[in-house]
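Each of the next two complexes has chain A plus one other chain: chain B in the first, chain C in the second.
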Partner chain A sequence: MATSPPTEVTAMRNAYVDQFPDEARVIKAAFWSSFIALAIGGTLGLVQALHRTDVFRFIQSPDYYTVLTAHGVLLAITFTIFFLVGTFTWAVTTSLDRGVVDVRFTWAWYIMMVIGTVLVAIAIFSGFLESAPSVLGSELNADVLFTFYAPLEAHPIFYIGLVLFVVGSWLAGVDWFRTWLAWRSENPDERIPLPTFMVLTTTLFWYICTFGVALSILVFLLPWSLGITESVNPLLTRTLFWYFGHAVVYFWLMPAYMMWYIMLPKFSGGKLFSDPLARVVFVLFLLLSTPLGIHHQYLDPGIAEGYKFIAMTNTMFLLLPSLLTAFTVVASMEHGARQRGGEGYLGWLKALPWRNPIFTGMALAGLMFAAAGFSGMINAGMNINYLVHNTWWVVGHFHLTVGTAVALTFMAASYWFIPQLTGKELWNRSVALGQVLLWFIGMTFMSNAMHRSGLFGMPRRTAEPQYQGFDFEPAVGTVGEINMQVALGGVILTLSLALFLLNMIMTSIGDDSESIPDNTYAGTLSGAEDSPRILDNLKLWTAIAVVLVIIAYTLPLASIIDAGGLFGPGIEGVRLSTWVDPAVIESLGEVIR
Partner chain B sequence: MSSKTEQREPEHVQTLGHEEYDPIGTAILIGIYFLILVLLWIFMYFVEFLGNGPTVVGMALTVVGLA
Partner chain C sequence: MRISKGALLVVVALLVPFVVEFRTALSWFGIKLTILESLALAGVLVIGLLLWAVWPENGNGGTGTADSS
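And now, the complex of A and B:
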């Protein structure tokens, strides 16, 4: 087992690449795919920050939406999920102490995901061309944003690419399950090791939630974009997207959680406070990740308030595992600090290894996640959500969650992973420490300004939120000051990103080192033997999760189909039936002109 | 040049088992976090209700989709 006292430099190197050289190659490839997406998507983030705030505009505003789509898809889907599949493959093989069943299968799903990504990228980036080529009978582009539901329509290649990417991730799940089953046949009475348990529960809810987006693409969006069906029911595709769209948030988050549970205690110098509590948290995510997507649709007409209320209740329940995590992870850090000689009620914080970029990056990511907890509660509250819905507040929120809790944890973890996968020492730890601090500072500027601007109603997904004859009125500060904070934050984040990539490249081209620490993860104060065996009953939890989804979604979906039809009335079918004063239309026209 | 020192296991002054360890510092931090949450909720009360007037969700019939 790999839970022996962690991180000892031994005479005989025992890094991951020494234990599992074949798997290390696939994981390295997955991480580099992730880093490339991060580099491109992150740079486009700066373009947006400067354009929106009118600090520096060098693209046409219609192209802003192409940039926005690429930024969202490359970061929220490609960067995160490629990193996830690498991390999960590491976690399964390390904790089961055996390789995957057949590494050719592992390469197969990885390559499938790469092909999917390339197709999606071709469709999106064609949006920058003056005259995009016509393929399969329609012009190549996909300015549909990360939330790719109707009425926005993409080229079929975009949807085909997404399907390949998601199916690739499904096969990755098959790979992890196969490896676990092979291990179980050799170890029938053992408890599932915690990292593998985390991987399997996360994979199970990924299967449940991606069913919705697969249905949306294969039955509705793809046939529609190919011209096979004439129209779609926009509310139905929206609802199916959000059925997947919120669970995907937890899919990104679970590898970060895994790092906080099994690596952060180790780098703090301690042990995980409670293995049973960690299992409970992951079971709760399996149960509750999916039946709450409607909380993204609080302002959608066509879904009755009662269904929205159920989604809100489920969302609030989901605060529980996050708060449990806050306790368990901080208690594990405190355990490490006290073993290192930390004393006092809060004095132990000084004993933590703040000069270690891996620890500091993950700890700061966790701190930002605590802040995101508050803005998430506002988003989740049905009435108060109306205040911030579709404003920049929401963008501020998810730059704290996926943009920091996840991204900063992944970057910090890379400082440990890349030496493990290459056998080469990290190029520069001081640069790494500066990088994680810069990310934290940059995001503090950018995200707080975004949250504040949402409070006075500044919209999101808008290239030019500057209007004639209208000024936003912040309660504190000015719009100019808020814009400057966003632009400054964007520049600092881009600098941080460049330093991260520099460190990764220089590490990868460096020389082999014998002083790579052993491939281990944190031990536990209270182990699996302290938890009931029923926690490992994956069939039971999956069955309950499916029942909860059926309860939460059957009636809303039936009602949406009943009202709008399975394939229509389509966007042409939406008409304003109420009488409107022609003078109002005229004045609206003036405003638009 | 990278340093090797951070790669080593941090020096332990003592070893704390499950029974000897009492995460009092964690309890204090979580307490502070809850306090911040409460203060921010009060702040949002002023932003939402005193700034814009309350948002009415609707009565029983609207809630179940019958009206």
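And now, the complex of A and C:
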């Protein structure tokens, strides 16, 4: 079922919704949760672009940080991860050719993630109120940005929401593992199908990296916001955040990688070049995604240069799986193009299905990711990072990674998924093609200007980037031109987003169609039988990943705690007097003495 | 046409980053283009591309594209 030739239409429809109707409902719900987050978060992105560039201002500058937090959290966490859980559930069920063990469990983790999102959104959007209500003894507010580490403090509801969301994603992982184990008991000698292998390895490093953020929230930030502890060690919470904060980048990226590996070759008209190489890539991500977060802290005092150097080395190693991916995916596309009659060294490019928005969107996303890789190498280099640290360059970089490689791939993939999940034909393929091209053009304008302004030191995370009595000096053009380029990019991106949502809505309310392609993914030129069985040994790779994390983080964390204490210098930690009269504590102490 | 309409549209889109980055690259050689000059360059490139795309291959009106979807 899974690896038959591409997109043929058979007399009897065999779309995903026909194979797994129950799972299709949950995945559809996850995708719509993702799209709602994209719609709100994306619109807020335009508000920021117009405000920062002083093109059009209708919010007060202090509210900019509420907008920025909502934009970051809704897009970087909610949009991406809801889409991920939907995609991974599709991948596991399709490649194992069986449903989840218990769809009620699947609904349970999805609902938990929704509740978490709603709590987080309530906390953030209360920031827009003139006087926010007081809940649990403090005012509702969460202007803490996507990175939410101390010293910025949010309302406890924000942290509780995040915990529910992350625990929901953990349970989603349990669901995928349960389904795979059930399949394995029926197929003990079979290799793990490639899409399921990708899901499981990604889930494993998600468990490893979210341990850091769980620790940060549950032990430090949540008790601090509730007043149970007196203070926190900001450097410790920053380090624990970045322990998770870079791996989460790969968590967003892995569904996009999966689509490039198993869907792009299919839409190109061919097969995946190498299943073993794809497995190696995902094993490398499992091993290397987490022990490098300190490269986000090159300018943090309190972490020795040696630890930063180790983080830089690990980061550079991580270029390897990305380069392997570029090779494998392009080779697969070339194979497909030649199957379609393409010839010559570069002439085969003409034979690719450029009118197909799914293919074109994913291909352009991959191209932008190459550019993101180059700017990422600048970020990762310890010395040159000092030039661009905390500038708009970094924002330009991640608008190419999560904002294009991930978001554009997800939108292009939606043109495949929504018809599969609803049994309804895509409303308008031409609009879809225009949409992915507009996203590419809009992001070109915006991210280019952001990168360039970072080079002359324009700061990120501020509503007022222009200092008084000081003028930035761009190497090319003027600050005004660069601002116009950002605003133009923002407008084009918003138009593209509106077209995407229109296509999704119109598709969903359309009529049932019998001409939906079969639910398949790409076959392989070199299959699992060509790869060593050890690649499927998940316990081994997980153990090595944990050891690498221990090596990379034990000494830096010990050093940070030694220098600044668990809860800050000279702070004992838990303040027992929170809900108790201090006089009672005093008399208890007397009794004990 | 030498390439499909879809491919032509994609190539036009790819010209955008080329022109935007080309302006920066030229400045390294002391050639500073204004926005208007950059737009004019983009216009010339797009017209050249369109002419190339619609010009019959080998002058006999044959089509060379293999794109079908």
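Here is the rule we use: the second predicted complex is superposed on the first by the 568 of 593 C-alpha atoms of A that agree within 3 Å, B and C clash if a C-alpha of one lies under 4 Å from a C-alpha of the other, contacts with A are read in each partner's own complex, and residues count from 1 in each chain.
Keep in mind that, in the parts below, a residue touches a chain if its C-beta (ideal position, glycine included) is under 8 Å from a C-beta of that chain, and two chains touch if they have at least 3 such contacts.
Quick caveat, the model's predicted, so the values are computed rather than measured.
Novice: After the chain A overlay, clash or fit between chain B and chain C?
Specialist: The answer is fit.
Novice: In the overlay, answer first, second, both or neither for which of chain B and chain C A:N448 touches.
Specialist: second
Novice: Thinking of the overlay built on chain A, is A:S559 touched by chain B (first), by chain C (second), by both, or by neither?
Specialist: The answer is first: A:S559 touches chain B but not chain C.
Novice: So in the superposed three-chain picture, is A:N356 touching just chain B, just chain C, both, or none of them (first/second/both/neither)?
Specialist: In the superposed model, A:N356 contacts both chain B and chain C.
Novice: Considering only touches as defined above, state whether A:Q339 meets chain B (first), chain C (second), both or neither.
Specialist: A:Q339 sits against chain B, while chain C stays out of touch.
Novice: Now for A:Q468: first (chain B), second (chain C), both, or neither, which partner does it touch?
Specialist: Neither partner.
Novice: With both structures superposed, pick whichever of chain B and chain C touches the larger number of chain A residues.
Specialist: Of chain B and chain C, the partner in contact with more residues of chain A is B.
Novice: Between chain B (first) and chain C (second), which does A:G306 come into contact with in this model arrangement: first, second, both, or neither?
Specialist: After superposing on A, A:G306 lies in contact with chain B but is clear of chain C.
Novice: After the superposition on A, what does A:E481 contact: first (chain B), second (chain C), both or neither?
Specialist: The second partner, chain C, only.
Novice: Would you check which partner chain A:F440 touches, where first means chain B only, second means chain C only, and both and neither mean what they say?
Specialist: In the superposition, A:F440 contacts chain C only.
Novice: After the superposition, what is the least C-alpha distance between chain B and chain C in whole angstrom?
Specialist: Least C-alpha distance: 5 Å.
Novice: Using the superposition described at the top, list the residues of chain A that contact chain B and also contact chain C.
Specialist: In chain A, positions 340-341, 353, 355-356, 475 sit in both the chain B and chain C interfaces.
Novice: Can you name the residues of chain A that touch chain B in the complex?
Specialist: It is residues 5-9, 268-270, 273, 304-307, 309, 326-327, 330-331, 334-341, 344-346, 348-349, 353, 355-356, 370, 373-374, 377-378, 382-384, 386-387, 425-429, 455, 475, 515-517, 525-526, 559 of chain A that touch chain B.
Novice: For the complex, give me every residue of chain C touching chain A.
Specialist: By the definition above, chain C touches chain A via 2-7, 9-10, 13, 16-17, 20-21, 23-24, 27, 32, 35, 64-69.
Novice: What part of chain B is in contact with chain A in the complex they form?
Specialist: Going by the criterion above, the answer is residues 1-4, 6-18, 21, 23-26, 28-30, 33, 36-37, 40, 44, 47-48, 51-52, 54-55, 57-58, 62-65.
Novice: Taking the touch rule as given, give the residues of chain A at its contact with chain C in the complex, in rising order.
Specialist: Per the touch definition, chain A meets chain C at residues 340-342, 350-356, 360, 364, 433, 437, 440-441, 444-445, 448, 452, 475-477, 481, 485.
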